[in-house]
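The first chain written gets the first letter, and so on, giving A, B, C and D; residue counts start at 1 in each chain.
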Amino acid sequence: MDAQIRVLYGDTDAMGQAYYGNYLRWFESGRAEWFRSCGMSYRELEEKGVYLPVIEAHCHYRKPAFYDDILTITTSFRFSGPARLRFDYEVSRHANGDSLANGYTVHVCVDRERKVLKPPAFLAQLLGRTEEGD
Amino acid sequence: MDAQIRVLYGDTDAMGQAYYGNYLRWFESGRAEWFRSCGMSYRELEEKGVYLPVIEAHCHYRKPAFYDDILTITTSFRFSGPARLRFDYEVSRHANGDSLANGYTVHVCVDRERKVLKPPAFLAQLLGRTEEGD
Amino acid sequence: MDAQIRVLYGDTDAMGQAYYGNYLRWFESGRAEWFRSCGMSYRELEEKGVYLPVIEAHCHYRKPAFYDDILTITTSFRFSGPARLRFDYEVSRHANGDSLANGYTVHVCVDRERKVLKPPAFLAQLLGRTEEGD
Amino acid sequence: MDAQIRVLYGDTDAMGQAYYGNYLRWFESGRAEWFRSCGMSYRELEEKGVYLPVIEAHCHYRKPAFYDDILTITTSFRFSGPARLRFDYEVSRHANGDSLANGYTVHVCVDRERKVLKPPAFLAQLLGRTEEGD
């Protein structure tokens, strides 16, 4: 259910640690596995005409990740307003459990023409929404 | 003084727009040009033994950037506590001035051994610090 | 006419030099500027329904590129069979003219449905083709 | 023993398929798993003071990889001259076994100061070299 990735040489930078921009990619990995664990991949979601572009991203970097580290990305979800989805992420080093970074992304729900829409019923159900509200 | 970059095919994703993780790279471009315009490149800073790892990053995405767009990254700086540097960025589309995204990064000052230090005098002066505070 | 890019921190790796995968991005930069210098951007080409996916790429790495280096990418073109386009690239360090890498990419011409087609007349003309042949 | 990666949104481009530059990253994944399967990771190799920078890379792209595909990278090794290592890669789609791309990288063996050296005995043994020759 958690995503796991291994830090490549191409993910590191001249400071000898993973470049800060890569964490947003790893958040994406976490999000994708979260959807899969709910029973529907993000790819399937798009095939149904629902897209979830990111409107906000945040990351707090605590400790560096190094080359060849295995990272675990733990993801949780909550609605953030009726049409906004928020995912929270925790990135930790598999070998010793060190928490390296945490952050979040906020998404809106749009159709193929990028018109904002309320999450359709199948998605709301998938996401565990039982009632309106924040 | 502002940084300018052109969106490559490799920066776009299957949604037909620039991938959200790339904005942190573009923030880095903005930051680098900001230092250069102050009279000292970040490379020279490192040669003097001062490193500025990112401890926090945030981006708010307003409008998509597309393939081949020229983007302008406007950067400003302020201290955020005695040993914390904060850069604010605005990413806009050169062709029409559209504001596409804005965000910030927070950095600490460390030496070669990654020990946190107060910004040395030459850096404080470069950054325009006149007195303690925030 | 030549493309110029500056090496970002995000382009470097733990060996302290630019990661080898980035050169293919830089080749793309060179190719884009080559098209622009011919009077039609690759974006316009796609708007006319012509796509040029890469079918082969090669790079020979001679010397490392370092953080903050300005790189010049010099690009040349020739047909490589009636429906194959080949671009050759030379990546050099702007500061001292050092040749860092050279390579090539081979492309086919496809339509929106990815069906291979002979380069349409406007493209053949743009590319300076005067007669069939390799 | 083979490496497996999943194609992220961030790996795709506006053509709706994986960007050509990413394959060199995936080759790196394959190479890393190959070393691990021999009993020594590339990280350990570097800790012993041996580095293997890439001097040549080649990729032949046959079919596109799409978002969320799982890719398998199969890697094989052979010496290519007394001090040159060559890895060959095959990238295939896990779901249907389609071969998507194949390529190779050539490496030299250098020490911490980037001086070219013959592969030390422990490495030659690891790599299965029994006699000199090409």
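Everything below uses one rule, namely that a contact is a pair of C-beta atoms (placed from the backbone, for glycine too) under 8 Å apart; a residue touches a chain by one contact, two chains touch by 3 or more.
In this text the structure is predicted, and so the values were computed from the model without any measurement.
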From the options A-D, A-C or B-C, the pair that copies B-D, where over half of the contact pairs coincide: A-C
Chain located farthest away, centre of chain C as origin (C-alpha): A
Length of the line joining the C-alpha centres of chain A and chain D, rounded to whole Å: 28
Computed distance of Cα centres, chain D from chain C, in Å: 23
Between chain C and chain A, distance of the C-alpha-averaged centres to the nearest whole Å: 33
Multi-chain contact residues (two or more partners), chain B: 9-10, 15, 17, 21, 24-25, 28, 67
Complex interface listing, chain C residues touching chain D: 15, 17, 20-22, 24-25, 28, 51, 53-62, 64, 105
Sites on chain D touched by chain B in the complex: 9-10, 12-17, 19, 21, 66-67
Chain A partner contacts - residues on chain D that touch it in the complex: 6, 8-10, 24-25, 28-29, 32, 41-43, 67-68
